[in-house]
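Following this line, the structures themselves.
Here come two complexes built around chain A, the first alongside chain B, the second alongside chain C.
Up next, the complex of A and B:
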């Protein structure tokens, strides 16, 4: 474990010092870190899932606190927790299928033996019913009205898993971890390839002779545009430079080297140019549960300009950017204020910042926010690695997503204890 | 080409290997070897003082860690135990890839001693970063290290690279924004070699001297006064051995840098590296403590800002740069202004106003308290109705209700200020008595600082209880603490380095002194002033032409203000000198030239004369004469040359035509009076007459009425010439 601890600390430090740029890199590194955490966690014979969940949670909490602005970290942690539960569930189901129906009564005995608060027969019945079913979206949807049943599912899953362990202990103990790591690998793979998957859809959206506007720089947008170019679409790109970091300059350079007709404009010229634009395509920092977007500063202005001229505003986002939190959630830090030195030269302005003379307080305030919030009504379309969706559909997806994540992962931080209590059983014990 | 490229890349990789072999080391001096932070530093080492609620050393270490330094040697001397205890309990003791080792000494009295001791320990194996524990920075070391290494390859004598940053000094105080004296550096613009380092230039003389061989040896030299020394040095090992060889080197800059620059036998060279977008500054005095705190709150030091260093869940940045911890108890009617930090567990009462301040953890602040530009550390109790302006209040202080801190006050640990007591400006209050004698000689200052403090503290601690009765009256009823007296000679300097902004009257005085200096210089035929600034007055005139309409308006206000000031001076019998100061202050704040002042003052005088009761023209004349006689000095202090005198005449003319027609008849008499009092020189009057000669008939009314007088003047002059 000291090995992982060092890795975790290292990553924490990087997050804290804001040394990792971009949510894709962050998401990938988070997933890789969690993978090694899982592989290093020693699992007890009973309740393997709970043990894994606990160790992932412990690390995840630290990671989220290190940089709460980088929502991708939380998203990946939630995804990994979800994976553990899913794998656990499917293993249990497989095991259950092998046993006969008497398992239910056995199950009850097991609970008593563990000095658990006795679950009502109905709950157990419901739980075992849902355990028996394959974990499809259908199941999740059916569980919606009875939210209390959701945690029960997992707890009873743990229970019955403990029970079935007696059947084939040795093989199962390795199996869960192995499966989980496999699934996390898939997740990492997904994060790696999200650009390509999004880019594949490019030809459906970019048409011949169109003018596309984008702001700042986003790797996803770059790949998307280039994919369309490779498919022999000819179109023009307007790049707004994206003050104060001027990443648009880099994007313009990159586009030109790939042979795209590019026009660089200032951010303030967006409104003047938007009437000539057929579509706005931008990247995002995170997509919130209501379909709103947290995006690089300046994009709200672009979105408003696009709305005024009825230009479609398309947001590209890998699924690791989908965040099941709402923008008004107190845990969500919407913005980060960066150093004023990106805006102006300290040396030139040092006499304006002389607090020795004058009133002794700064008269010059420099505000340098990193992000904008674009409300869902301004977004025409989201393109994720699973396809194109409109904002209301995103909000709907979240309803499913939230369900599939289970209550305790959603609220994750402060309310872990509470949800555990509701879950009643194994989580608290472990 | 290809081969060249290859060799370049080969060299880079070699560099990297070298870097890999020798982990980057840093020496952090956790002692400033100075007394600027007394009395606070008698009880706690400077590096542990909170800067926006985080100990200074944490900023330095966090930066070193993120800049890729792997091994830090913390040299502690004064209060070494506190520093070591802190480092052991903090997260720094258990970081992977970042080791913090403390080196303790009890008899080092300067940075030179410290470096000699470190040399003896033989722990430094390559290039190292030398900084003190009160430096805040976010710069990247990669470039400066590479430059340093590359120079070393070419020239083994390039032993040190100094980091500098552009920052303009104030033209009035000759001080940087960090409260240090204006620094002059001569730098070769091509090689970036430092050729001259002068931080104690004598401004009174208005010049600094450069060795003429410098000019002979270097094709070009740029003399900077707008560079700030960041006190971050990348040094080669030789630096340590140099300190050992020259045992009289004490101060890093005053002795070592200047010593190397002067010494041309060894031929060691120092280079500079300028940083632009990143931040670096050292806390040297209370003024820089204030400035750097504000820079941190304004996020110049990003990512080393409180919400990131403490974890954003604990502290959140709100609108207008207000930092608030999660569990602050804030009354609904309390007003937290911009750029304010409120620490954990602090309670703030009704109608309290806080702005531009830092309030630490666990403080209790009552109702109707005003806190402005102040630094309040942890567990401070401030009762109802207190007022704090630009003060530093250390841990555990209690301010009883209604107490007032005037600007620049320092309250050291656990001081109690009695009810309604007003602590005078710039006073330093401590539970410890002032060390008896402090010599202004610097060498002794060092000795005094380090050897005495430790024991002194414990000795005094015992005495406090016994002395309570004696000290009580010093800080009002129920107050505990000694007000330190200011040493003679240092008295005028106090405002320079305090947390409070420089008071207006000081600025005015400096401005006046400077104007005088400049005049002298101009008379000497030396047009350039000490700081190379253009004369302020000439600047003003230029801008006035540009926006005449605006300045007219401004002038109206200005005139009214001057009049009000003058009337107050008359009614309250203010001394002439003070009135001059006040008018000068107005001049500065309204950005007026002294011509305008003269006009405005004269206008107010005449208006007073008209408004005071009188029945006949002769009485009015007498009134005017009285007033002019009484305030002649005030008026004269703004009449430096003929133009200003002519302005007075023109003003008078204008008045006679418009606001004070009663004077019209008296014009020649008053003119004569002014001449008699030597307010106007005959040249001015004659020039005025000449100018008016060509004007319209209507304009000539007064010229005609005073024709006789002018004639008389002309004749007198001719007579003079005849003689």
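Up next, the complex of A and C:
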């Protein structure tokens, strides 16, 4: 436990100080950290899943609070919780299936079998079968407690099964952790290879003699374009520099190194050039539940220009960026303001930053947001590692995902943002 | 006498001037044909480019890696020739020194902005006219016109003309052409100088005052006004409204590579206006709070398209998406009968190196030290202007009042003759 605590604290510090760049790196490190937490957690014989869930949640809360704008952290935590519940479920059903139960009629959907302290094996089977179906509206509305707990209570109360059961229990406990860690490894693997899987789809979308526009720099976009280049498609790229971070310069350098014809333009020239562009391909920071995109600053302007000129606006996002939260006031709540020194030199404008005579407030404010919100109606296509999707389909994916999550996993306290805890809530003072 | 054709040949211009001098009995057809703006210099035509090079004063640098879409536009002249040109100051024969000075100011960017450039040019021409004396066996009209044509060619070489300058030159040439032959040389020169003064006064200085009055009525207390880049008219409006006591805030949006907004920001804060400063990318972030957008223009075309500093179109588009009214403030002398649909057919190219270098930020100079192989794949594009479609503009504030964008060709048609006849 002590060394995981040190790991957790270390990661928390990095998150708070914004030392980790990029959602892929954050997601991967979060998953690895949770894996260590899981492997170090001591689980009792009964209710192992609950213990694991408890420890993961405790760590997860802290991680999300450290950097609320980095939504990948919350996504990974939720997926790990989902994994734990799923693995537990599949283990339970496997164990139950191995007990040779005769099928009994159980067609009612209610799962409040936990009222009975001692359950027959048949009831256990019934309960586990019903939890395998997607939760019905009734269970969701009545907020029925964890039906996965039913087999546990039964296994703890049902000593009638005898020795074989206890042997099962101990092997089950080890197996649960093992399965969970395996599944988390798969998750990490997915996060690592999301670029390749997205890049594989590049050939379907880029034909010959195309002109592509992008803004700033995204590793996904870079790999996407290079994959198309590998398949001998010839196309030109306009890269907008993406002030004030100027990441577009980096991307342009990478692209010319790999032999692509690149033109570097300023952000102000985007509207002028977009009429001659065939497609806009950009990366995203996060994709919200309604299909809206949290993207680097300036992309809302690009999306509007693309819509005006009927140019397809394609967003590339790995599945670790899909977030099941709905954006309320994303410009303010899911945004971060960076240092004004990137825009203005302090030395030159130090006289302007003095407090005004009458009002006692500074006359000059400098605004430097990091992210922009692009509403779903401006996005033509999402390309994720699972394929291409419409923005409305993203919303549908969330319905399925949300239905399969337990209510208490969905919202973490730190994600329910109060406006006064984010400094960016004040755009301009009066 | 339309805008001087950029083919830089003097005599045909003079002859057409002489022709229209007799011009009352010219057939209507020819007049209408001459009304069309002449074709621009085609920089992708090898033979013409060579001809132009032979006549030019400035050595044109070989442009490397020109963006294909813009090969029809002249490449940017950078200020690296400045010492060479300054040394030639006392060796001028054809060129008047004040015109030369103005040309160099354009080249380095010291004088920028439609009004400033136009006024500087007209005042330089005034001096040149005062110092002019007609050579023997030549008439003042033709010779002076060809001299002006020569000056204009030089200014074009330093920096392509803005629309305001083009209209002013057209005005001047028409005044020269309409000089009665009975005037003596000194009287003619005095008349021309006073015409130039009147043009500057009526079309620019007084027009600006009228625009101020109109636009200030559109500013209410509690407004948040957004402005882009640095337009002298908009700055005057904001300062005037502040003087008459309106309470409002200003958002100054700036963009690379010129970062003109910083100078305007400094002047506004010095006068006590409360300002917010941001870059163009953050426009969607600030637009939530903005109530009005004030923009300047270099010119407005007959289809209502506003030709202005690059990035203006993006600002107008985002404002339109957020249902914020956009007011364009432009003097009527800048209107032009051209039409333009996009920003590519006609534009001005700036210094490409200004895109790759970020002054003052050493940490982001990623594009230093590129290998040759990398350089041959990389092109840098620095546009100076762009064309804003008329559907994004709510109203245009001119000295003729506040008009919708669709009324621009009406003003051009009705009032264009007026200033040619003063």
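To be clear about the criterion, the second predicted complex is superposed on the first by the 336 of 430 C-alpha atoms of A that agree within 3 Å, B and C clash if a C-alpha of one lies under 4 Å from a C-alpha of the other, contacts with A are read in each partner's own complex, and residues count from 1 in each chain.
The definition used in the following text is that a contact is a pair of C-beta atoms (placed from the backbone, for glycine too) under 8 Å apart; a residue touches a chain by one contact, two chains touch by 3 or more.
Small disclaimer: the values here were computed from a predicted structure and weren't measured.
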Once the two structures are overlaid on chain A, check if chain B and chain C clash or fit side by side. fit
Using the superposed model, give me the angle at chain A's CA centre between the CA centres of chain B and chain C, as a multiple of 10 °. 50
After lining up the shared chain so the two structures overlap, which partner does A:10 touch, if you call chain B first and chain C second: first, second, both or neither? first
Name the contact category of A:65: first (chain B only), second (chain C only), both, or neither. first
Of the two partner chains, chain B (first) and chain C (second), which one does A:338 touch, if any: first, second, both, or neither? first
Which partner, chain B or chain C, touches more chain A residues: C
Contacts of A:365 with chain B and chain C, given as first, second, both or neither: both
Going by the contact rule set out at the top, does A:249 touch chain B (first), chain C (second), both, or neither? second
Applying the touch criterion given at the start, work out whether A:392 contacts chain B, chain C, both or neither, answering first, second, both or neither. neither
Please indicate which partner A:297 is in contact with in the superposed arrangement: first for chain B, second for chain C, both, or neither. second
Please give the least Cα distance, whole angstrom, that chain B and chain C reach in the superposed model. 7
Based on the A-chain superposition described above, do chain B and chain C contact any of the same residues on chain A, and if so which? 342, 345, 348, 356, 359, 361, 365-366, 368
Sites on chain A touched by chain C in the complex: 241-246, 249-250, 252-253, 255-257, 259-273, 275-276, 297-298, 300-301, 304-305, 308, 331, 335, 342-345, 348-349, 352, 356, 359, 361, 363-369, 372-373, 427-428, 430
If we count contacts the way the header does, which residues on chain A are in touch with chain B in the complex? 6, 9-10, 13, 16-19, 65-69, 333, 337-342, 345-348, 350-351, 353-362, 365-366, 368
Would you pull the chain B residues touching chain A in the complex into a rising list? 65-66, 95-97, 138, 165-168, 170, 172-173, 175, 177, 179, 226, 228, 276-279, 287, 290-291, 294-295, 298-303, 308, 311-313, 316-317, 320-321, 338-339, 355-356, 372-373, 390, 407, 500-502, 507
In their shared complex, chain A is touched by residues of chain C numbered 67, 69, 224, 249, 251, 254-257, 262, 265-266, 269-270, 272-286, 288-289, 309-311, 313-314, 317-318, 321, 342-344, 347, 355-356, 358, 360-361, 364-367, 370, 374-375, 377-383, 386-387
